[in-house]
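Here the structure comes first, spelled out in structure tokens, and everything after it is commentary.
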Amino acid sequence: MENLIALLVGAPLLGAAVLLCGGRRLDKAGHWLGTLLAAVSFGIGVALFADMLGRGAEDRTLYQHLFSWVSVGSFQADFAFRLDQLSMTFVLLISGVGTLIHVYSIGYMEHDERRRRFFGYLNLFVAAMLLLVLADNYLLLYFGWEGVGLASYLLIGFWQHKPSAATAAKKAFLVNRVGDIGLSIAIMLMFTTFGTFAFGPVLANADKASEGTLTAIGLMLLLAACGKSAQVPLQSWLGDAMEGPTPVSALIHAATMVTAGVYLIVRSGAIFNAAPDAQLVVTVVGAVTLLFGAIVGCAKDDIKKALAGSTMSQIGYMVLAAGLGPVGYVFAIMHLVTHGFFKAGLFLGAGSVMHGMNDEVDMRKYGGLRRYMPVTFVTFGLGYLAIIGFPGLSGFFSKDKIIEAAFAKGGTEGWILGGAALLGAGITAFYMTRVMLLTFFGEKRWQPAPDADQVPSAEPAAEHRAGRMPHPHESPKSMTIPMIVLAFGSVFAGAFFGLGDRFLNWLEPVTGYEHGNPPVGALTVTLSTMVVLAVGVAIAWSMYGRKPVPVVAPRGSFLTRAARRDLFQDDFNHVVLVRGGEHLTRSLVYVDHSLVDGVVNGTAASVGGLSGRLRKLQNGYARSYAVSMFGGTVVLIAATLLMRAV
Amino acid sequence: MNPVNYLYLAALLFTIGAAGVLIRRNAIVLFMCVELMLNACNLAFVAFSRMHGNLDGQIIAFFTMVVAAAEVVVGLAIIVSLFRTRHSASVDDASLMKL
Amino acid sequence: MSALAAAATTTSTGEAIQFWVLAVVAVIGALCTILMKKAVHSALCLAGTMIVLAVFYLANGAYFLGVVQVIVYTGAIMMLFLFVVMLVGVTAADSLKETIKGQRWLAALCGLGFGILLIAGLANAKLTHFNGLGRVNSAGHVEGLAQLIFTRYIFAFEITGALLITAAVGAMVLTHRERTERAATQRELSEKRVREGVQVPPLPAPGVYARHNAVDIAGLLPDGTPSELTVNKTLRARGQIRDVSTEALDDLKALEQRSAERLGRDSREEASK
Amino acid sequence: MTFPLLTVTAAVPAVGAVLTAAVPAKQRTAAKWLALLFSLATLALAVLVAVRFEPGGARYQLTESHAWIADFGVRYELGVDGIGVALIALTALLIPFVIGAGWNDADPLETNSSRWRPTQGFFALILMVEAMVVISFEATDVFLFYIFFEAMLIPMYFLIGGFGDRAHAGSDENAAAQRSYAAVKFLLYNLVGGLIMLAAVIGLYVVAGNFSLQEIAAARAAGTLDMATNTERLLFLGFFFAFAVKAPLWPLHTWLPNAMGEATAPVAVLITAVVDKVGTFAMLRFCLGLFPEASKWATPVILVLALISIVYGALLAVGQRDIKRLVAYASISHFGFIILGIFAMTSQGQSGATLYMVNHGISTAALMLVAGFLISRRGSRLIADYGGVQKVAPVLAGTFLIGGLATLSLPGLAPFVSEFLVLVGTFARYPVLGAIATIGIVLAALYTLVLYQRTMTGPVKEEVRTLPDLRPRELLVVAPLIALLIGLGVYPKVLTDIVNPAVQHTLSDVKKTDPKPEVAVEAKNGEAVK
């Protein structure tokens, strides 16, 4: 059975290779091939899952060793896979949601001439992501980690002719590279500490190393996670990443890739467990990000950017949970999975809305769409209820547990973290209600599509529709079916996982579990969450539901303006990093030219000047040369005589 | 009189010849100055021969004469062909060695 | 000969007188060689010096060399020089004006230094003991030379032989111009002249101005300037053309002056008209 | 007597050079095919060398030794260790691509010029360089090595100065002046390095009495050859200086951007991917082998210089406006990594450095050759003159991107393995330096992606609109390089198996062992747990 693991990665990888190298003749069938191979991967995943359920909890972990990858001295990295409950969860999520989004993209990308390539990139992403979660050592994980980064780069910049898309892609890759420094240093630290970086030996022996080393490793892993999962302070790329086609935002920048950081922290749980300081930092990062993302999400008028802020915030929840240790690991992953369903659903819904609205992304120009797009409305609405944690839906089960666990941390920390999580839940309710109201309710605020070249993030098909009023319509079946499937997940996954502790029992052997006791009692937490949620919805309704919404955004308060600008994070980056970097490189170019090269050229110039003067002796007259020869002879004779005299 | 005076004379003639090479521009005169230097050397060799009491010096002088003859033949031929092409016998005109 | 053999540190009075007289002659000859303006004079002065040297060879017991010096050097080589001087122009006087900056000063400095050093070196060398050639000449002077040449110096001798032959061939190669194509006939030449149209009639004769009827004087054109064409190419190349154009122009001016005086007119008026 | 395989491997391109040069002026195509044939023959021989080489066997294999200049103890001694085999393979591998990429670069502009034979000369010089580089990798006699190390400059000088990039911003005269400036700068820098090395070579002879690397190293190890500390240090510095110029190490690097900018793209590849490797190779073989103590003495300074090279080269690459100069500065950064790995004195560092030499050769070749194709199409080297190429020439853009990704060491492509090994090897001994060096990986991403973004993406520029995509010949040159990048990235074992034993020997030269991990772990990997 374990020999099938490689096929999980292999199938989409084959798809990527065929689609990207195949050339134009595959244009007709390429998307079918890509979807099929993603589905094959999902099928194998299901088969392995069934097999895994058939075995006892202790021997559910499978290994597959392919070959020795890098082997120098004691540095041994194998190309080996490890399939345990944790990776199984991810495999099903990735290949399942991945397949759905492949199907969705068939319709969504129908008019794009480069659809074949799009599917190639999607397959590449699925392969890399599966490699990431299946790797048996950190170096192979790094391989997958960068692989998804590459896929993300290619897909964000898929519409490369738009400078904004190309810039966003570059930015995403660069910010991730900063995070990669963390991952590489963490691996190096593991190597110098344990002499290996395979999961088994490192995690089994984690407690033997000194706490300082473990804290360092933990912080470096956190840096990596921050990059990939868009956590403060490396969150700035995620909003821009919405330049990519919407299916990409759904798959990569909502459901799967951005959660890789959570996977990394949970996977390295043994290290974090032994490094409380690192854990504390993780929780702080999670709490800050969940508020940050939520605040940003409140102010954005671009539907995808609002959802991106939400994603950031939800991942903040997961990171917070992961930082709580064994109390929270399971819930982090659970929220990750349910979030995968409802956030993918929300993004696909947003894509469907844009599809019907001339690729308009400004929610202020939507309104009243529920009658024109019933399926989208319903699926989006279910996703909305799930994300705000409406009782009984997915989000309720997973998010509630996280808030509970945060309070259970105990002490002042527990109150602060729990309070932040609670506040975040309220803000979530506010901004998601805002999205909902702006998009589907209220009066129509539709605007004619601007000229193609002025569209800020227009997709290529926009060129044909310039200047016309939108005619909202329901999307084709290939798009609505995935949305419906995901809506099912959004509604029922939480209850399925949460009731009877199914998910807990499934993951516990890998991640471990401790029950945390919140100081106020679980029911109190749940009830207060409900209250906060109701308040958030009410405020949103009072602001956007009761009165008409202006098409052009009002100036707003300072906080609103700050949130629109991502709380000035980009401005800070621009001033400090970009400008500073430009000045640095420019001055270095100058230094290289005038100083480093100048010293050498100066020497050369002085030698040149001297020889230029000496050259005048070479006047071409034989007699002049004869004089020098004769003079030389005289000097020689004089020298000889002098030497003899001495 | 000490026969070493022959050597002083030879040195003097050699120096005069060398100075001639340096200051004259006519290639023919230049060659004559070279001949003068060679002759000065010959005189010195002959004087040395007398000093050492063997004939080697004279033989060297003899060879010098032969080589000088060959040199003059070739040198004058060069001057003639040079004159044919450049219409001048001045060594300064042949300054193509200059850049 | 016995006197020579006996001579260790001094020579006979006769030789001394001969040396002092002839040495002066030799030095004067050498100086004249480098200072004479015309190459012919230089050559003659050099020949003089060489003959003096021949005498010195004889005085030093190098009889064979002395004779060779006169016959080969002064006789043959100097004649070669004279031939070449005649070939490239007897009257081609060498301007003694120095053109290279500082050359003469440097040459003088070097020469002076060289001379002083050489003489100082000789003076320091303590060359006082002269063995004389008595012993080696006992079996005959020429025989002694021959014995050395054909034994110890045989290779050098052979090589100088080769050198001489090479030099002879080399001189021929350098000066010889092979005629590679058939000489053009007179007909072809005239046809060529017409075709090119540069100078169809025969070249104008030199010295058409009656007072100077000579081959080295360029004929004057009507405006009084000399025409290069009228003088032989070789003379032109050697720069041996006498220019009378300025004289002619002056004469012309004088003539006009005189005629103006005779006619009582102001030449300026004439000009302004 | 056994078959002199190493001599033949070096001699085949030399013979090829002579024959190519002798091809009549009109038969340009024949000259090209002849050169390609000989380079492929060399490749076959190099493969044979790699096959005949036994990784577990003696340190130097396939040795040949003949007396040469007996009076000075100079011998014609050849032999390869794993590092040499890897680099010979790299050289022999890249030259056919260089020839293929430069197929039309040296054709005379006027087709009727019959006397001047640039094409023949171009390919003959390339083969000549190959022969000299190969023999430098083989020589185990210091003097023999020195001769070819220096002689290499002559054909390189003519390749840089004689066959410039036709795509130049300024006028032809200006281009010629720039080119000759670059060629002279290249020559002078390397000559100065070479002269200092010559002094050190002579000094070594005075001290040791012969030039044989193996004998001297053996005597050093056995303690029969004592060098005064200062003598050893001076000699080390003499050698190192020459290699650091060639490598090039900051601050001796400024010749490289000029040379690579002005030369044609294939020649630029030849410089940075092949010729410069002799410098880093020689550091491993000669500096560490002959002067172990001095090497250890100089390590801190060299490591800091290497670190400066990494960061400085990358920052300057970001600031460049010329594509080829950008690649040159990127190479300076990469050479910093190689030198860092060599002087970290760990098995990971040195194996990584050796792998890095090979991988950098392949990745730079891929990037530079594609850049060359691009430049020859548009006729400009300025980044600002491009934009949106991806739209009109997707295959070109795709290969360019893969070359760029290799340059930024993306996992899955060959350079990642080597870069990570260098970093780990450095980190194991000098954690702070290793951590600082990781800045290089961010900067690498910055300059590569900025380059890609500015040239390939965005709106299509008017002048770019008509650029053709890669032609079959060009694709044939690039595709195998990309395949190699992926192959060596996923399965680098083919190289590490050959290189590891040689690195162990080198480490034993300097009497260094890998640092031990903090915690002893029994189970090595997942399988043991199962």
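Here the chain labels run A, B, C and D in written order, and each chain numbers its own residues starting at 1.
Throughout what follows, a contact is a pair of C-beta atoms (placed from the backbone, for glycine too) under 8 Å apart; a residue touches a chain by one contact, two chains touch by 3 or more.
Chain labels with UniProt names: A = NADH:ubiquinone oxidoreductase subunit L; B = NADH-quinone oxidoreductase subunit K; C = NADH-quinone oxidoreductase subunit J; D = NADH:ubiquinone oxidoreductase subunit M.
All values derive from a computational prediction rather than experimental measurement.
Engineer: Write down the chain pair with more C-beta contact pairs when A-C is set against A-D.
Structural biologist: Ranking A-C and A-D by C-beta contacts puts A-D first.
Engineer: Taking each chain's centre as its mean C-alpha position, how far apart are chain B and chain D in Å?
Structural biologist: Computed value for the inter-centroid distance: 60 Å.
Engineer: Centre to centre, by mean C-alpha position, how many angstrom separate chain A and chain C?
Structural biologist: 97
Engineer: Using mean CA coordinates as chain centres, what's the gap between chain A and chain D in Å?
Structural biologist: Whole-Å distance between the two chain centres: 36.
Engineer: Chain B to chain C: how many Å between their CA centres?
Structural biologist: Inter-chain centre distance comes to 14 Å.
Engineer: Chain C: which residues touch two or more other chains?
Structural biologist: If we look for residues of chain C contacting two or more partner chains, we find 100, 103, 106-107, 110-111, 114, 118.
Engineer: When you check chain D against every other chain, which residues touch at least two of them?
Structural biologist: Chain D, residues with two or more chain partners: not present.
Engineer: Return the residues of chain A touching two or more other chains; collapse runs of consecutive numbers into ranges.
Structural biologist: 619, 621, 623, 627, 630
Engineer: Could you list each pair of chains that touch one another?
Structural biologist: By the stated definition, chains touch in these pairs: A-B, A-C, A-D, B-C.
Engineer: Note which residues of chain C are touching chain A in the complex, please.
Structural biologist: Listed in rising order, the residues are 100, 103, 106-107, 110-111, 113-114, 117-118, 120-121, 124.
Engineer: What residues of chain C sit close enough to touch chain B in their complex?
Structural biologist: 4, 7, 9-11, 15-16, 19-20, 23, 26-27, 30-31, 33-34, 39, 42-43, 46, 49-50, 53, 56-57, 60-62, 64-65, 68-69, 72-73, 76-77, 80-81, 84-85, 87-89, 92, 94-95, 98-100, 103-104, 106-108, 110-111, 114-115, 118-119, 122, 127-136, 144-145, 148-149, 153, 156-157, 160, 163-164, 166-168, 170-172, 174-175, 237-238
Engineer: Where on chain A does chain C make contact in their complex?
Structural biologist: 619, 621, 623-624, 627, 630-631, 633-634, 637-638, 641
Engineer: Applying the document's contact rule, which stretches of chain D touch chain A when the two form their complex?
Structural biologist: 188-189, 250-251, 253-254, 312, 315-316, 318-320, 346-348, 351-352, 388, 390-391, 398, 405, 410-412, 416-417, 420-421, 423-424, 427-428, 431, 434-435, 438-439, 441-442, 445-446, 449-450, 452-453, 456-460, 490-493, 496, 500, 503, 514-530
Engineer: Applying the document's contact rule, which stretches of chain A touch chain B when the two form their complex?
Structural biologist: That would be residues 615, 618-623, 626-627, 630 of chain A.
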